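Below are two complexes that have chain A in common, paired first with chain B and then with chain C.
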Partner chain A sequence: MSAPIQLRPDETFILNVGPQHPATHGVLRVKMQMDGEYIVKSETVLGYVHRMHEKMGENRTYAQFLPNLSRLDYLGALGYTHGHVLAIERAAGIEVPERAEYIRAITVELNRVASHLFWFGAFVMDLGGFSPLMYAIQDREHILDMLEAVTGARLTYCYYRFGGLYNDVDDNFIEAAKRFIPRMRKSLKKYDALVTGNIIFRKRLEGIAPVSAEMCRKYGATGPVARGSGINFDVRKNEPYSVYPEFDFDIPVYHECDSLARYRVRMDEMEQSLRIIEQGLEKLPDGPFMAEKKPKTIKLPVGDYYQAVETARGSFGIRIVSDGDKNAYRLKLRSPTYSNMHLFDEACEGMLIMDALAFMGSLDLVIPEIDR
Partner chain B sequence: MGGYFSEILYGSKSLLVGMGITFREFFKPTVTVQYPYQTIKMSARFRGHIELIADAEGKPKCVVCGMCERACPSGCITLGSTSVEVEVDGKVKKKKILSKYELDFTKCSLCGQCVENCNFGALEFSKEYNLASTRKEDFHFNLLKRLEERNA
Partner chain C sequence: MILETTQQALQALFAGSVPADGAEPDTPRANGVLTRDYKTHGYHLDAQVDADQLLAAVTVLDQAEFFIESITGVDWIKEKQMEVIYDFSRYDFDACRVVIRTRIPREKPEVPSITKIYAGANWHERETHDFFGIKFAGHPHLVPLLLPEDADFHPLLKDFKA
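Take a look at the complex of A and B:
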């Protein structure tokens, strides 16, 4: 019998999480230098699903680039396409009918709820609870059915067009959305009792993985991650776009900076999104859903254009540099999770591996959106 | 010491509340569908791959203008045409007739630009979604042949 392997007390080893690992929710690789169960240093490795979306945007016409945007973030695709159409419309000076903007706001908020629901399920599953995922998916299914009936797709929507929408919403959609709101409110109460109050859940999140507001600013983190650290920043309020100034809603902000705060921000955001949908359905004006005056092929005047929108994951920005041609000279996509993920390396130093994986879940990473 | 016991109390209560919720879910009706024995009808706007629309005579409505080919972001549509001479009001005119309409579904992202850009209403979305295959050739659709098969 051989003697057991003796490690030197100061010896560390490298742990490779991913690129294929259920906790990373995609093809993200994290190299961790471990001292026992504690992380000494961590390094995230990107690029496993890089598809050159920016370069594609420079080689396609603006209309041809539309389907690409929904491939960035497959859980909250509508927010990204919204940013693109808004940028082009502002640059080309296209007037969008009010009805189209209201429908855009309603569908984006529905998509945000769907995205948060899936995150909620997956996050609790990361911590070892399986049932909440099933309940969340059941609620999300209602949203996907609604959006499928309107847009024709379940995940990778291509619904918005420059100057309006691909298709108008019908009464069935409005009825279904009105039915969905009270159902979702009831579900949110259920989730609160089932998960938020759970002792195991709280012990694993409360006071764990503090991310200071300063660190958020340093890495450019936005969205629920920043709002969980006490930064009151939401593009919908700070740089209003579309018809958001017409709605009465709050931005949930928590100052605890821990994983639980980020969880609470998202849960509260779902309620706020429901409020926006409710008001949107009430105020929905009649009229055309597509602009009448619209150039057939869109050519932007020479210049530099930027548009930011608040997606489910944070502030998404699209920058278009035009030289007057049919396609962009340079197209830059600023994706929120790219910045949110980068604080992981610094924040997880000295953390237990199990806490680090829970922390990663609370950042709500969607890898295709990081790599683009 | 008091904190210790109150935490046990709080913890046990929270677990019982959670178990109560999952227990009640037992008696809720089943929401899943037993695929492939049961299927759901696709919604009217469901976007599958494209399909040619036939006119009253069973011929494709397509006039080979090539708008769909140009609009496609991924270049997955290939058109072919033959030129025939037809008599219209006693004059002989040349007319293009569709001889090939190939869709490379491996590249298609189902954006619907082709259908939207068609000025002649010659394209529609199929409701077909059972398209799994292990061979790449199965996704190269000959839409003209599919139309003939549907007509037959």
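Take a look at the complex of A and C:
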């Protein structure tokens, strides 16, 4: 008879999560040094979907680069294209008609709801509940249909233009958006009843994976991750852009710092986005949707420009260093999940592997957006 | 409010020099602190420091509770220089974006790592090393992050040929 199989008491082993793993929602690899089911140390390995968007930004004109922005985060692409057009408009001094900015705000918020809905479904599925994903996708489908009708794409939108929009919204879109708001409000109540109070769900999240506000600051975490740690930070309020100052909405903040707090922030944010959409549709002014005075080829004055916007995942920043040419001399994309994911390695030390996977879900990762 | 105190604290690094105004400086510009027009540039303070003043400047921001946004590089091939740009911002409603930049010689690009002050600088510095070959002295693990693990090329250099 052979010797029994056993580890020495002090022995650890290396566990590979990914690159292909359902919990990573994309090709991400995490090397974990494990002591039984506990994580001793973790190291994230990135770059599996790296496409060097920043080099493409140097080789293309500003307008040609526009479609690239929606290939970063395929769940909330409009926010990213919004950042790019705002950066160019800021640097080139292009005035955008009010109607265009209102439509931008409405569509960005619709996209934010769609992104949060998909996250909600996938997150609950990570924790073992399959049916909420089906409900969430059904609601999200209404948004995608609406956006498809005006933008021509379901996910990789290229709808905004420097100085305005590609085309105006029609009455069908406005009607559909108006119908969608009460429907979504009803769904949010349903989700709350279905998921939030569930005992298994809460046991997996409550008090698990605390991320302190100080850790957020050192890593530059933004968006729902920071707001779940008691930080009242949202670019839409802190550095108002577009027509957001015109809207009456709140920033949900939770102080528990755990995975459940991050969940609650996103669920509350959907209601706030609905409020913005509702007010936007009500106030939507008539007028042109494209600036009349706009140079045919965009050339920015020599200098260094920065624009931050609040996307579904946090603060997205774009830096354009211009040498006066029609291409950028250097174009830097600051993606929010890159910073949010970075704190994972430090925060998950000493955690159970299953808790760490739930924690990863609560960070709302979109890998192409980390790798760029 | 925080803008003035941060500006003074950063200005203290350049004892004796006169604070510059917000006019567009010549490139390459002299080291010093500039206030920028937020409306056109998107940030409030723009400080260019020497590489050996970098840790002091970042410490000023850390003590004032700024969070790190990103780190990146620019290859100024004509001037035979590289630039490293650090972005910082704040969580409170006293909006103040600060840019710290430093210029280093292109043939020997090396700056001190700020990972000891901001742990979150780790990936940003690795990424900048990937793209530009800029060395961050004191970085705990300066290996490729986004590029393949055996990558010995730096694609954002202006003389990079695929």
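In this text, the second predicted complex is superposed on the first by the 371 of 372 C-alpha atoms of A that agree within 3 Å, B and C clash if a C-alpha of one lies under 4 Å from a C-alpha of the other, contacts with A are read in each partner's own complex, and residues count from 1 in each chain.
As a convention for this text, a contact is a pair of C-beta atoms (placed from the backbone, for glycine too) under 8 Å apart; a residue touches a chain by one contact, two chains touch by 3 or more.
Just so we're clear, the structure is a prediction, and the values are computed from it rather than from any experiment.
Q: More residues of chain A are touched by which partner: chain B or chain C?
A: Partner with more touched residues of chain A: C.
Q: Report for A:317: first if it touches chain B alone, second if chain C alone, otherwise both or neither.
A: In the superposition, A:317 contacts chain C only.
Q: Scan A:148 for contacts with chain B and chain C and give back first, second, both or neither.
A: Once the two structures are laid over each other on A, A:148 reaches chain B alone.
Q: For A:339, is the partner it touches chain B (first), chain C (second), both, or none of the two (neither)?
A: The second partner, chain C, only.
Q: I'd like to know which partner A:16 touches here: chain B for first, chain C for second, both or neither.
A: It touches nothing on chain B or chain C.
Q: Considering only touches as defined above, state whether A:166 meets chain B (first), chain C (second), both or neither.
A: A:166 contacts chain B only, not chain C.
Q: Touching residues of chain A toward chain C in the complex: what are they?
A: Chain A residues touching chain C: 46-47, 50, 52, 54-55, 58, 87, 90-91, 93, 216-221, 226, 231-233, 237-239, 302-308, 315, 317, 319, 321, 329-330, 332, 334, 338-339, 342-343, 346, 371-372.
Q: Can you tell me which positions in chain A touch chain B when the two form their complex?
A: 60, 63-68, 71, 131, 135, 138, 141, 145, 148-153, 156, 158, 166-167, 190, 193-195, 197-200
Q: Taking the touch rule as given, give the residues of chain C at its contact with chain A in the complex, in rising order.
A: That would be residues 24, 27, 39-43, 46, 65-70, 72, 74-75, 85, 87, 89-93, 95, 97, 99, 118-120, 122-123, 131, 144-148, 155-156 of chain C.
Q: Would you tell me which residues of chain B are touching chain A in their complex?
A: Against chain A, the touching part of chain B is residues 7, 10-11, 14-15, 17-18, 21-22, 25, 31, 43-47, 71-73, 109-113, 116, 125.
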